[in-house]
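Okay, so subunit A shows up in both of these, paired with subunit B first and subunit C after.
Right after this comes the complex of A and B.
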């Protein structure tokens, strides 16, 4: 028993070591690009900041004008937008190189062959080769800035546990977006031409809709947007859960009425709640479900790929 | 399908072993006609194509094998199966004692693959950066990396290219860089799919010399596919010819020549114009007189070229006949080009 667990530990340690090595080389490639083409790299980063801000400025202006959208006030919306930017930032920083997040592209273009000839398990490649910590950092920094500002305006006093919860929820949201991208991208194994850009559509769907507060929608629609098409889990529900916002309890939980959030004991159920806050559980269960479905469909697709082979090959976007 | 070598026993020095391997692909047949719309939706017509049909092949360590065949014969499919990119429909595949399907990660550390029209280089980085990336991903020990880098830089003349972006390289330079990168982890076995495609004479020569050298000096097993038979003959000791997914020939290039008869070519150069017709007529007369024949391939004002079968008329007899002719100043004897022999075989197999 000890032998088995010792072996398992060794395996885990060696995997972690490999992951760090591979993240390291990806980071080095990115750093070298920054050092060589600093001007262009900074221009790209600046463009990302502009894109990040402009993507949610409309929602923020609406909140500014009306003071409250979907049960969230201006500062809560700002917090949610900051959260959404961090989620986008993590995807950009960790999964954008080599189209890792847009996996239907390499699948549809027959580029998975390049991955199969590397002596690295596929999951490890997908986890590491998209890492661009410098050129891909602007979205994330922007999101962190906005979240900190919103947190201050909301009068929140985040403790360590809250920050940990925040990180876990960010990971869940990232996993949900990537999971949905991978589920859809699995179609590219079977229809490489038709589904080559399907991941772009899925990620764009999340980017466009995740910034809207869903509190004003009907319970059925909100339920659908948190389960069937889990856009609500990308920012709205986790942000509300973090804020202890109760206006979204209809997602599956009934909580006491509260129309505004002032200085809140974050992470804990709001005072006066009649039922436990299950939003965190919903997010976790949905994350696991989406991740499992994505892993299963993608693995099945890969089996099909190595059985049938790819009927087309394009080098576009490969290692560039 | 003659001269097929089949060895069923795998030994320790076996690099590659294919046993009764078949690979089938399904192709959807679409007519594009309105009347077939419903059928295309519900039950589209399928066509099964056999890319490999019960192929058995054994390659020993240290061999340099040319793997050739007409378009669609199954060459690339075999390379993909051997490198774990594709799985066979049936049969057993062993590469360096491992199953490419089950031990992909471990196997990739020991083999190298280059596809002629694809690159493993990072497009927007100098090739030295791609090499460093390879060192990390393949987890190459520092000493091995240093030694291999020195070797490939010298032999492939990469010194000036190491700091050049991959996107700025010519095709020949890129192929050299790709080949160098593939060799950095010192693979025991390498698969090259059309490595000389599109290369100019000089780049091709550099690549051929390099491959021959690593095969000879390091004992690296090499399996190379190409359509260029002259290149293959220069590089490899053994040729495996595929036809319609089956091994149609497995042996040496000399044995391959025997398949179409032992054809030889002789080129005669005359002194002065107007002698050609005379020589041609006289030679035909002489050969006919002894019940032999030679085929005239080409003729111009001061030379002509014949092809003859050495099984029918020996080179000595041929030279004896030619010695009786006047006005000949030079004679050149060559084996028939391998391209011609293979083309003849392809036509024969197709028919």
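Right after this comes the complex of A and C.
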């Protein structure tokens, strides 16, 4: 028994070492691009920031105009937008190179072969080859800036536990978006042409809709948007959970400024620390469910791909 | 004319090359965005918010039309993609002016969207109680023509003004896209980045997503005067009868058309000299 767990531990340690090595290689490649082609690299970073901010600015301006949308005030909405920026920033920084997040493209284009001939497990490649810590950092830095500013305006003094909870929720939101992308992308194994861009649609769906405060919608719709089409889990519900609007989510948060308390408690009245908070449970269960479904459907699609290969290439090498 | 119609037909049928799933997934995204926005406006109205002079029905109609006419209100021709992919060279080998064939291709590419998204969405919205035709009939904003009454005559005038405004918006959209495409030739490899920035500008300044009247600090008044406002906000305001005198909006659109088409033609001619194309 000890031997098996020792073997497992060695395996895990060697995998972690390999992951760090591969992240290092990806980071080095990104740095090389920045150094060799600084002008275009900076243009990309600038374009990323402008494109992302423009989609958020609209909702923020609405919040500024109306003061309160969907049970959230202006500063809370700003916090949610900051959270959404961080989620998008993590996806951009960690999963955007080689279409890792937009996996239906390599699947539909028959490019999974490129990965299968590498001497690294597929999961390890997917986890590391999308990493671009320099050219993909602008969005994340923007998000961190917005979140810090909103946190200050809300008068929150986050403790260590709250920051840990924040990081866990960010990982859950990223996992849900990527999971949905992978679930939809599994279709590309069976219909490579038709589904080649389906992950673009799925991620665009999240990008376009995750910025809206959904509190004004009916309970049924809110539930649907947190389960069936889990757009609400990408930013709205986690941000609410972190702000502790109506439950026990104020893990380690000290409300530093009493004048902001009213703003923080816009939703239902505080329920007290003894009641379980369904939001956290929903986020956790949905993350696990989406991740499992994504892994299962993608693995099944891969089995099909391994048997059939890609049908998109002509003998002369052109893709249909 | 026949050759343009054939180009349009080819472009329309090309949209189905990727299969129904390819084309329908985009419409699904548009539908979801539309539903969320409509519900958001409704929720705002229910909480008693001031809708910037719009009635709820006007605001919902504005959003519905912005969605069903999204391709016409934000014109994207194949020019930039053709430069990026190197396929621009094939356009120079066809017996048609380059800009004209790109316009025909674009117009053709709108047909599947109009058939599979716009018309069904308007029908579903009408069944659900949001009837754009009703909004047009009840539009009584044209006091300058003494047409303050409702009825078929007012609807006819409103419809005609909307059509003129929409055509001017589309024309301006083409001019803007060609200017943008000309600039893309200058930035060479950074066409995707340029596209991202353009998308960002249009999203905020055209008024297609959020009507200018709902923006704070009087920003809407400034945005309305900018050329981007003439591509989306103007025809939508003319349709719902908000935004003041429709003739003023149409004249502004006409002015921007003259300026932008002159700039587009000059810039495109100059950029052609710098055109470098690999592949295709």
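Quick note on the criterion: the second predicted complex is superposed on the first by the 283 of 320 C-alpha atoms of A that agree within 3 Å, B and C clash if a C-alpha of one lies under 4 Å from a C-alpha of the other, contacts with A are read in each partner's own complex, and residues count from 1 in each chain.
As a convention for this text, a contact is a pair of C-beta atoms (placed from the backbone, for glycine too) under 8 Å apart; a residue touches a chain by one contact, two chains touch by 3 or more.
Every value quoted in this text rests on a predicted model; they were computed, and no experiment measured them.
**Q** In the superposed model built on subunit A, check whether subunit B and subunit C fit or clash.
**A** Once subunit A is superposed (C-alpha atoms), there is room for both subunit B and subunit C without a clash.
**Q** Looking at the overlay, what does A:119 touch: subunit B (first), subunit C (second), both, or neither?
**A** After superposition on chain A, A:119 lies in contact with subunit B alone.
**Q** In the superposed arrangement, which partner chain does A:68 touch: subunit B (first), subunit C (second), both, or neither?
**A** The answer is second: A:68 touches subunit C but not subunit B.
**Q** What is the angle, as a multiple of 10 degrees, that the CA centres of subunit B and subunit C span when seen from the CA centre of subunit A?
**A** 90
**Q** State whether A:289 touches subunit B only (first), subunit C only (second), both chains, or neither.
**A** A:289 contacts neither subunit B nor subunit C.
**Q** Kindly classify A:307 by the partners it touches after superposition: subunit B alone (first), subunit C alone (second), both, or neither?
**A** Touch status of A:307: first partner only.
**Q** Please tell me which partner, subunit B or subunit C, touches more residues of subunit A.
**A** If we count touched residues of subunit A for both partners, the winner is C.
**Q** In the superposition described above, what is the shortest C-alpha distance between subunit B and subunit C in Å? Please give a whole number.
**A** Taking the overlay as described at the top, subunit B lies 11 Å from subunit C at its nearest C-alpha.
**Q** Following superposition on chain A, which residues of subunit A contact subunit B and also contact subunit C?
**A** Touching subunit B and subunit C on subunit A: no residues.
**Q** Contact residues on subunit A for subunit B in the complex?
**A** Touching subunit B: residues 18, 21-22, 24-25, 28-29, 32-33, 113-114, 116-121, 306-309, 313, 315, 318-320 of subunit A.
**Q** Could you please specify the touching residues of subunit C with respect to subunit A in the complex?
**A** Listed in rising order, the residues of subunit C that touch subunit A are 17-22, 25-26, 28-29, 32-33, 36, 39-40, 43-44, 46-47, 49, 187, 189-190, 192-194, 196-197, 199-201, 203-204, 209-210, 214-217, 219.
**Q** In the complex, go through subunit A and note every residue touching subunit C.
**A** 40, 43-44, 46-48, 50-51, 53-55, 57-58, 61-62, 64-66, 68-70, 187, 191, 193-198, 201, 204-205, 208-209, 212, 214, 216-217, 221, 229
**Q** What residues of subunit B sit close enough to touch subunit A in their complex?
**A** Against subunit A, subunit B makes touches at 25-26, 77, 80, 83-87, 101, 104-109, 113, 115, 117-125, 129, 132-133, 136-139, 167.
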